[in-house]
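Chain IDs A, B, C, D and E follow the sequence of writing; residue 1 opens each chain.
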């Protein structure tokens, strides 16, 4: 059958990874029709308008649980729990993955890539030249303490891009790392509790974010994350804190993990944010099409293909039983971090109302760009938004 | 009688020959004020050309040179690599066939969109301006209001409507939406233009033929040259440059070139490949630019001929 | 070729009543000129006949047919417009052909008619040109041709000459008249130019304010205007209109002007017997004055104001009772009239017009 | 009030030569009318004088001043435009005042002049209106007012009446003439209307193709046209122009028409002695014919084509040597002329015009 | 003149347009107004909670980004008005100095042909503090220049205004040129003869005479300003912070970013209200003027 695949990827590593899947699909006798809508041009509304317009794609990349609920409400739900059990996939998934693919207790997504949202990737050459070792940092204070050295050596300590999405991700990674999983869940989890905004740990997080923002020069305005990454790759900056998908950029530039660049979690992190990129399948279609969609799912979660996919994309396989030989230093690091289920929290994309999330982004981004805005202002604003949106 | 005029003219001819200028005058050269005006205009023209210059120059540079900064400098080596890449192998999603794919789908969107949007508005404008229709005044007023309605306010309803008509996600869906959104303004433009067609011509045509369509095709349509040029140019550029409608209403295979371009520009690998981006941007802009350079004169003429009025 | 008649026609635009209970009948083969000042309703009347406007009340007959509600193209008439209304994008040939658009005639018949009209109007060499490339006179002929090919009995013309310069106008006037003489169509012709009306019409209807003031032959209109409006509208320089009092007695009827000048109107063809002391307006045409003493209805000894020569003629203006009195005189005589000097002028017998001062009607 | 003269003026637009070595001098207080067909260069000449166009070659003098390179506003003249060119955004008062903008006059002086002009032109009640709210005649007066307030010696008018209807045109014509009689300004007035030219001018310059064909008083122009162009341009219906051959002999000079009719021109005022057998064109004015036998320069017995009445007059057209011969006749006589019948007409002595058939110049 | 030839064909020919108007526009607006009263998220919900029907608007009025959007709308409106002024100046100069008319016209018009999505890239780059004009000017020694307008919330709107003036001036120039050419040439002659200074001539005569053209331009301009979306996406994507939000951008953002159809609908409805407030006076003015000029023509 002809599968219409909707996604928002078009960076080279992403496309390479998609091609891995495409080969798998075609091996099963299906064809792949591509609809690509870039990020930040309203991808999920576009998905919903495709659905409303009566042209829903068969397979779509989507994490937001709300979308799945909406689709189920419109008769397009495609429950997969049974299929996962029948095919013995569930038992091989890390806890964070298993948690993120279920919506209201029913598995509806097909996980394709695993990332940690806040990882430190640093240029080993720069580190060596300056004489700092990020792997040795045990706390953020230690990290900031080394920054002066980096500056003195003529490098930027940390590359940042002033874009809502980069700042938003950094923020929630910092919340998980500094304020810890409980506060994180009270903000970015399914049930928001505005009381945690008053927690001193949250204020500390904001102060830390301010430190990062001070690293952003005028030229950081609107700088895309791949350019940010590129500053580190080309040795202009020491490090970057971002989702580990930036590894794709490193690999794309022909660099080798562990040799050219290193990766560590945010120093002293109390917990890490796990992003699972996942596909949704369209229900309410013919049996033939359902079979084809399930073939797609089986290709995606196939351990061999996972390994190849991850290598291409720069992600970590979503299965614990993916061939270990294919893992690079950073993936190994990620999997080792994920060994402790208590230190994992889910990406907001999987849990939280997009309205709420984007309001946090707005507030945080304003804070980032406006030095005169105080921590108290942020907290007041967030509380206010909470009243409006969820209250 | 004709002989006579010739004779008179001959007489005048003879006088002319035997004459020398008595008060010869220096040929006037350009005045100071003219120079000032021309200099000012030239500076403005320069300002207007800056973005185009930057885009063009960059599209011919290598990435190495671009990294040096100096965006106003000329390329050290002129290379067509970026153009080739943008046209043939740039990726949009999983398909790396370059912009040429989107180019053709843009063309195939453009044509039905033009026909539909101009067709409906033209006939409506004609009926409103030259025929006696009921409630014409009220309808015109509503159209006038509609012309001001922001697209956003009816975007969502339009999705449902095109879905109900089973044209969502196809070229026809995009064409229909273009026609709907352009209809109020274009109708007003056509109506204003047709209003100036002498009433007597319509009277004559009604007495000669009386057929609505026949008068339209044989008399009015051929008289619409000026306005058609203006509207065509306006519509070609706005349809060709449209992104939002294409991305919202175009399904797989019917997304215009601008969507490809956005895919290319918004996310690209590693270093932003400015040269590729600029080449792609130029490729996207070429058709409307070509039209402007060649028929821009007619556009201004059309406007001057009263094509667009309040 | 049918008779055309308007019966009790009323026309209002919104609140404005433009025509009010108008009646008019045109005989077969007549050349009727509708003459009147701007805005008097001439075009309206023509458009009603053509069917381009709806009547508010009344009936329009062409021959025995009530055409009041018939579609314009089916009324069997053809119209020539002021600006010709040629289709600018069609060639002359195309213009003539489109005139037959609704007729469903066979091709050959259409071509035959076009050839006939083109020949008649001498526009054969122009058939492939566009109107923009024609001179004013040629356009005019094409417009007439477009009407001719329709082969109908009634022709309407709406000020077809008013866009032309004086010379061409004279020529086209003659051509239209010749055409009428040849083809004997019934013609309704609108103009506000009295020369046109006088020279072309077999009948003139003088209109004012939506009302027909007088309907008659050109001579009637000029020589025996029915009322003050017609009297003052026709003629250039206009008729001199002066208040006077009738003096009946001694076998004589005289009009006495305020200054005491007595004007003999005994030979006037009164409609009703004149009453002594009645207030009248006397209408004296400039061309019926003669300079110098002699026999006449009256003799004036009045000062010259000035004289002007207009080419073949001259007009002289005298002061009579503190108003200008216009006379048409010979240029040679005009040259001799010196402003300020007195001169004796007399008025021809039998040429005066008298109007009731109150009703304005001819007496 | 100064004398104006054009000396050897040449004007080209790009490649097109519009005026060629033109010379013309206007005396102080003259009312000069530039008369000619459309496109002959009248407006060009006026604009050169006003300084709105630059001459290509030649010199323009106003009084003793060479103004060829002087700025329009400093030439000391005022102009009234065809479309009046009133400033639509200003009131009448503002229009008059704006015309003095550059003059740096004291306020009171400006107001005094405006009051004077407004009074003279009777536009006092209109001073606060905008041009859009004025009638054609009122606009005309304001335009003249704007020129008057400038208090200059030379006035230029570019077809100021051509936008008006016939009646208003006659009135305005008189007003302008009166104004000239009162103020005695030098006036240069452009028109293509010969009636306007004949009635207003003290001098007329007839132009054609950028060349002055004749310069003289209205009578000169009408009675003694200098060449065929002037002869055919002036008069309506136009002069009848017919080829003939001179027959000199027996103390008589005669023009013999091809049909053999002999026309006695012994009393003609030849510039050069007439030669026997010379080819000439005879110019006969329609109004110099008389119907009936009697004394005259020639007698024709020719068939009537048709006659038309134009109100006070009538024109009759005869067939003479297969072309129409136009005559002006009395309406009563016209009524008696039946198409097809022969009639005898004669031409007044001493009224003929003769032109050299080759050069077209008056003999 | 109202003519009688009314038959079925013209009425029928209007059916598509009337259908489009009623269904798409009138229907669409009603639909959106309705949605703005619901709690619709990504897909429409059709239940209205009447006890709290105003919630979306309530939220909108308290939303800082919305306030910024409105403020920016005004700034953009005032700023873009420069396009009219600039367009007029260009037109006046081209009209006076006929040399090179067609060349200048083409140059000033070409930005209209290109989508800002395309030229936005160039503009962003021009304002880039690393590669753009600023380092270029600094290298010329003009180190006091700050041309990195996109980097700060205070100046980012300037960049947007500049780009939109750049894009639209040509169009206004064309309209103005048309207006200027329709002015009777004798007015210029009269003014020259009167010795009126150019400044006075333009300010007191020409510009007032062209007020109709100016009103047209103003209508088109405000239309463009209210609908402005592309230019923001192309130049700043709303940033820095939310400093360059405008209502149209806000609305789309509410739909795409926040996935909140009800909220977006409320914003869209407010856009319509603003449009009405801005245009009603203009529309009435135009209608009044037209009636007046029609009366004068009589």
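Here, a residue touches a chain if its C-beta (ideal position, glycine included) is under 8 Å from a C-beta of that chain, and two chains touch if they have at least 3 such contacts.
For clarity, every value in this text was computed on a predicted model and none was experimentally measured.
Relative to the centroid of all protein Cα atoms, the closest per-chain Cα centroid is that of B. At the far end from chain C, in terms of centres built from Cα atoms, lies A. Among the chain pairings, B-E comes first (most C-beta pairs in contact). For this pair, chain B with chain D, the centres built from the Cα atoms lie 52 Å apart. Our note on geometry: chain A versus chain C, Cα centroid distance of 92 Å, whole angstroms. One finds 57 Å separating the Cα centroids of chain C and chain E. The distance from the centre of chain A to the centre of chain E, with each centre set as the mean of the Cα atoms, comes to 39 Å. With touch defined as above, residues shared between interfaces to two or more other chains in chain A number as follows: 40-41, 46, 52. Among the residues of chain B, those touching two or more other chains are numbered 156, 203, 206, 210-211, 262.
Within chain E, contacts with two or more other chains are made by residues 1-5, 130, 252, 255.
Across the complex, chain D is touched by residues 38, 165-167, 170, 177, 193-195, 198-199, 218-219, 222, 234-237, 285-287, 308-313, 328, 335 of chain C. Only residues 47, 50-52, 71-74, 77-79, 81-85, 87-90, 98-103, 132-133, 146, 150 of chain D touch chain E when the two sit together in their complex. Chain B contributes residues 198, 200-201, 203-211, 214, 218-219, 222-223 to its touches with chain C in the complex. Looking at the complex, you find that chain A touches chain E at residues 40-46, 48, 51-52, 64, 66-67, 70, 73-74, 162-164, 217-219, 221-222, 354-355, 358-359, 361-362, 365-366, 368-370, 381, 384, 388-389. Of all the residues in chain A, the ones that touch chain B in their complex are 4-5, 7, 9-13, 15, 18-19, 22, 32-41, 46, 49-50, 52-55, 224, 226-227, 229-230, 233, 249, 252-253.
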